[in-house]
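Following this message is one structure expressed as structure tokens.
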Amino acid sequence: MHVGLEHYLTVSFLLFALGLLGVIMRRNLIVIYMSLELMLNAANLALVAFSRFNDKLDGQVLVFFIITVAAAEVSVGLALIVALYRRRQSAHVEDLTSMKL
Amino acid sequence: MPISILTYIFCAPLLAALALVVVPRNYRVIIRFIALLGTFVSMVLAIKMFCQFVPGHDGFQFEQQIPWVNSLGISYHVGVDGLNVGLILMGAIVAFAAACCSWEIQTREKEFYILLLIMSGGILGAFASLDLFFFYALHEFALVPTFIMIGIWGRGERKNYATFQITIYLSIGALIALIGLIALYLQSGANTFDIPKIIEHVKANPIATNAQNFIFPLLLFGFGILVSLWPFHSWAPLGYGSAPAPTAMIHAGILKKFGLYGLTRIALPLMPQAAHHWMTILAWLCLGNILYVGWVAMRQRDLNLLIGNSSVAHMGFIFLGIASLNLIGITGAVFIMVAHGFLAALTFGLSGYIYQKTGTLEMSELGGLCRKLRFIGTALLMAAMAGCGLPGFANFVGEVSVFFASWTVFPVVTILAVWGALVIGGIYMTRAVRKILHGPLPEKYANVADATNVWRKLPYALLLASLFVFGCFPKLLTNQITPDATKIVSMTTLITAKPNMVAVSEIQSPKSENRN
Amino acid sequence: MELADILFYVFAALTLLCGVLVIANPFSRNPVTSAMFLVLTIISMAGLFVLLHAFFLAAVQILVYAGAVIVLFLFVIMLLDLKEEERRKIKFFGVAAGLISVGAILGIFLKNLHATNLNAQSSPSIEGDTAALGKLLFANYVLPFEVVSVLLLVAMIGVILLSKKKLD
Amino acid sequence: MKHELFPWLILFLPIFAAATITLFTLRSRCCSAFLSIGAIVAGFILSILFIHANGIHFAGEISKTWLSIGNLQIDFGLKLDALSMMMLLIVTGVGGAIHIYSVGYMHEDAGFSRFFAKLSLFTFSMLGIVLANNFIEMFIFWELVGVSSYLLIGFWFEKPSAGDAAKKAFIVNRLGDFGFLLGILMIWGILGSLNFAALQNSITANPVALGTAATIAGLLIFCGAVGKSAQFPLHVWLPDAMEGPTPVSALIHAATMVAAGVYMLCRIFFLLNADALHVIAYIGGFTALLAALIAVQQNDIKRIIAYSTLSQLGYMVMAVGLNGPTAAMFHLTTHAFFKALLFLAAGSVIIGMHHEQDIWHMGNLRKKMPITFWTFLIGALALSGIPPFAGFYSKDSILAQCLEQKNYLLFGVAIFIAGLTAFYTFRLFFVVFTGKEKTDHAKHAHESPLVMTLPLVVLAVFAAVGGFIGITNNYGSQFVADHETLSVAQQFLEPLHTPVPMLIGIGVALIGIFIAFSLYKNATSDPLPAKLGGLATAMKNKFYFDELYEATFVRAHDFIAAVMDWIDRWLLEGFSIGLVRGGTDLTGRALRLLQTGNLQTYAFLFVLGMAVVLWLVLK
């Protein structure tokens, strides 16, 4: 079978699903963050695939921006985690329930 | 297009509110001056507009339209005709009076005046708007400060409860009305929020009866809650009882008329069949306002609760006028809207003064105040008399027209309503006067001071004068209302039922021949 | 089957396998392991990018992600001195929730993938090389590009502020 | 019509005076009194000039549109005919005398200016009723009379009893107005007009135009008169109204308020059919009897006169009901003279006695207050119907009317009342003016100043000669088209045409006076209760009507109010609001369970929400 758009999309989706599972199931903040990266990458893959098969380069530009923003996000996010850890001495989600009333 | 005078009228308070934001909070005199100036300008312009208004002019006057969101058909559109010209005049005068009465506020004056100005400007804008979007949005803009003001500057132990109740009730009412208005927008198919255009469109393509029967009750009860239609009235007495006097003046005087105005302006002409269908129910419901709430008012021991209940009872007459769906009724209803605005503002202003001076409104503790408070006492007596429909005050004209109108349609309801107006109203008003103004003066009030300063007297004198002018010369207002009320009535095409008496009179009466 | 197709299956399998190992490694619960598998995922995905003729992005992917982001992760892990976490009991709720959400999304995805005719084939004309992308970036997307640069600056300042021991 | 401006001036001068006093001259007693008296005296002079210029049988109407909505047309008009012009003279004339008298009576009161402002307002309202040319205009002034009486009765508002009496008068009047307004609505609903002339035309053109509604409409409108003229069952407010200053009582009782009801009945006489008239006649007769009986056992000088007013009003209403509006108006006119006289004389006594009102504290005032004594005597004789005083003529015409209508029951009642009237009037007279002084106050009583005695004398003259100055003539033109015009001499001998009622009337009056003389000539306490037993107690307590109403009407309203308030507080506000609030609270608590604070739960919900949105969008 010739590899087409749907194959790439399927891979992208599965990767996304893996990221989602990670976010919901894992309790280590760092790992959750990695799972988020997985989801972003899944989106990137879908965009590049669309760009390729729709014969337009704009998708790739978008991916470029996503990577940039992801870099910024990771830096801020990790800084937050560090700050949080300093205060709570824990990087576990279950220990961080101050949003509850 | 030149800027309409209406824009100036409702923007003047809003601009004053904006100006107040930058005034430091300890410049009390300046804050007060700006607030008074804003409302005063608005009042003067409104009086000018009222004088220049040409009755019976085709279409709207002082119109101004600026397109805003073309895809939805929203535009800034203001204009007046007979239905709202009186309301705007009343609103501007009451707003000025309320600003004058605000001297009783001692804490956070700046915020209070800002909110007060927003309230007045917003509601005046809502009355002037001919666009559904602005009509609704500006009213909400005026409504929200009410809640805040009751919550912060309110009085009494049940202040918080009153705030919650009024907030929940009025928000729900406004929400139901909003649903109705959106449904109306979609169902009319005119794809515009412009009220005149929708009316034109609906004239050619009436809204389907099913849709009418669905939308009309939404508007009726949505607006009805805003106007304290029985049995959705219990927010009103308590809310007004807890509100600071200026807030109660503006809300009971002006804001409450919004729902009624919406009913007459929008619901009646656009949905005539449903209107006819619902009017009998409305007529009986308004008895709840007139009789039931009248009785409740008789039981009140607190002056503000009594006034609040009587204000709810007065709404019944307006509803009765609307329910009779004929020219006299609609005109009478609009007339009472204006008259009651002045009256409600006057009574709440006076009770605010008494509260300020005596520290209580519990009627059993007061008494004999007429001796000390010459001016305020006389004004309160007049207000009480106007409240029970004394001729010479504007309310009488409206009420009697409403009775004439409803007599032909709902004779039984009218009989009970007349009982409510003349007897029950008379009882609770004279009881209140007896308890507060008459009788011996308690020792502790020996030093209560009357309003001697012109500024203190001004708001009350202004409101009383307005009541007098329209009560003695009702043609000033009815001439302006009638041509446009005729249009509204002609939109409700069905012929209203004739009184049974006509049929009866055909029968020959042998006894009446004996008379000599 | 062409070479490109074979390579696709290889890279795709590698990506997914490493992805699974990032989130659930049966042998190690150490975050460092997860990070290393994340590097692998990203590298194999760069392979997929190459297959899609997105050469520039493939390079950027490796440079930025594998080179910078993952390093950052590792630094943080080491900074926090995270030990291998003790095996907590797997919460039934977490698993169920994850499965339900994935199932829901999967259902929608499959339904729509099935329903739509994608009708797209690879077009050799498009080449995601540096020159083409650069032209597009500096011609059509110059404003977003500049905005993103500001964003990076803001992020940098934010991180510095957050990392200070005391805000004063 | 000559001097078209005059009626407007007559009507509006008093309200102008009232407004000026209230706004500007509250501090200047002199100016206030001058304005108020000036307005009403000017009104009197203008009325005379107007009648002189136009003739008493003139009929005309001036009308301006007051309110016009669709087919509701309400004019503000002045109806000028014999009826209204004579009433103008009475109101301004008698009222003017009372105004002047008030200067003396209220001399020491702090609220002097306020009093005159209210007096002028009252005059204005009454003139409005007199001149009204349509129902709503009449109703407007009707209500204004109600409120001005409220203000005047409650003039000494610091006395709780005055406040209560004012409130009572207002509410009882409102009950009557309720019927009045409904009657107006009914007539407008059928005939489509409110103007008296237009209504009369349509009734003349088609006597059955009102159909079966005629009786109901007539009785409803009569309700208004029942309230204002204090007929049974709404008579209870009038005696309490004595709480006001004495000039007010005189004004209310003689020339203005209570006369309004009878005047209104005459004005709308054309609307009343035989059934309605029947009811009116019996209510009038019953009121007259009831009030006369109560008057026999009262001890307050003003209350006795008040009940006599009630009784005489019953007479007038009965006369209207017996198809004799001319007789009724005639009696109204003469009654205005002698009742004003009696009240003012009583006021003079009260001032002389330093605000003592109990007749058993007085006695032998004949010597101390000669002018008051003589004028009171004239008034009493007139009230008792002794010829040739005014009351004799009018009372005789009513008695004759009874006979003419062959209503022997009411004739008998009327005769009995005539005797009772003479009895209680002279009971009062003998106890107050003859015998011994019963207290120190009575010993030190003094005659009132000239400003008070002068109106007494003027009124006494009218009470003496008012009966034969041709008033019947003038009213006759109002109701009978081909009335005969009599000279003064013929008028003087008019009762001789009907000798039976005349003789019986004079006879019972003399008997009444004689009994009073024999019982009270030198009595120091009332000998009657011992003789009458329980009946006297019932009379003294006004046949327990106040208590009855207290137990029924007031209780019923208070009870309903309590029930409604309970519903409002507990069902509407408590239950439904509580339900809404409880429901909201519960929902809130339930939803709060979802807020675990766990990041992953939120993520899960977020994904679910997103899935739903996607599903909806991609469907």
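Chains: A, B, C and D, in written order; residue numbering restarts at 1 for each.
By our rule, contacts are C-beta pairs under 8 Å (C-beta built on N, C-alpha and C of every residue); 3 or more make two chains touch, one makes a residue touch a chain.
Please read all numbers here as calculations on a predicted model, not as lab measurements.
The fewest steps needed to get from chain A to chain B, moving only between touching chains, is 2. Chain pairs C-D and B-D differ in how many C-beta pairs they share in contact, with the greater number at B-D. One simple way to say how far apart two chains are is to compare their mean CA positions; for chain C and chain D this gives 97 Å.
Our note on geometry: chain B versus chain D, Cα centroid distance of 36 Å, whole angstroms. As a whole-number value, the distance joining the C-alpha centres of chain A and chain D reads 92 Å. Distance between chain B and chain C, defined via averaged C-alpha coordinates, is recorded as 63 Å. Among all residues of chain A, those that touch two or more other chains are 20, 24-25, 27.
Touching two or more other chains at once are residues 600, 604, 607 of chain D.
Taken residue by residue, chain B touches two or more other chains at no position, since every residue touches fewer. You'll find the chains touch as A-C, A-D, B-D, C-D.
On chain D, the positions that touch chain A within their shared complex are 592, 595-600, 603-604, 607.
The part of chain D that touches chain C in the complex is made up of residues 600-601, 604, 607-608, 610-611, 614-615, 618.
Remark: chain B residues 164-165, 168, 231, 233-234, 238, 292-293, 295-296, 298-300, 326-328, 331-332, 368, 370-371, 385, 388-392, 396-397, 400-401, 403-405, 407-408, 411, 414-415, 418-419, 422-424, 426-427, 430-431, 433-434, 437-441, 474-475, 478, 482, 485-486, 499, 501-502, 504-509, 511-516 touch chain D in the complex.
Note for the complex: chain D touches chain B at residues 65-72, 136, 139-141, 143-144, 147, 150, 154, 157-158, 160, 162-164, 166-167, 170-171, 174-175, 177-178, 181-182, 185-186, 188-190, 207-215, 272-275, 277, 323, 557-558, 560-565, 567-568, 572-573, 576-577, 580-581. Chain A makes touch with chain D in their complex at residues 20, 23-25, 27, 93-94, 96-101.
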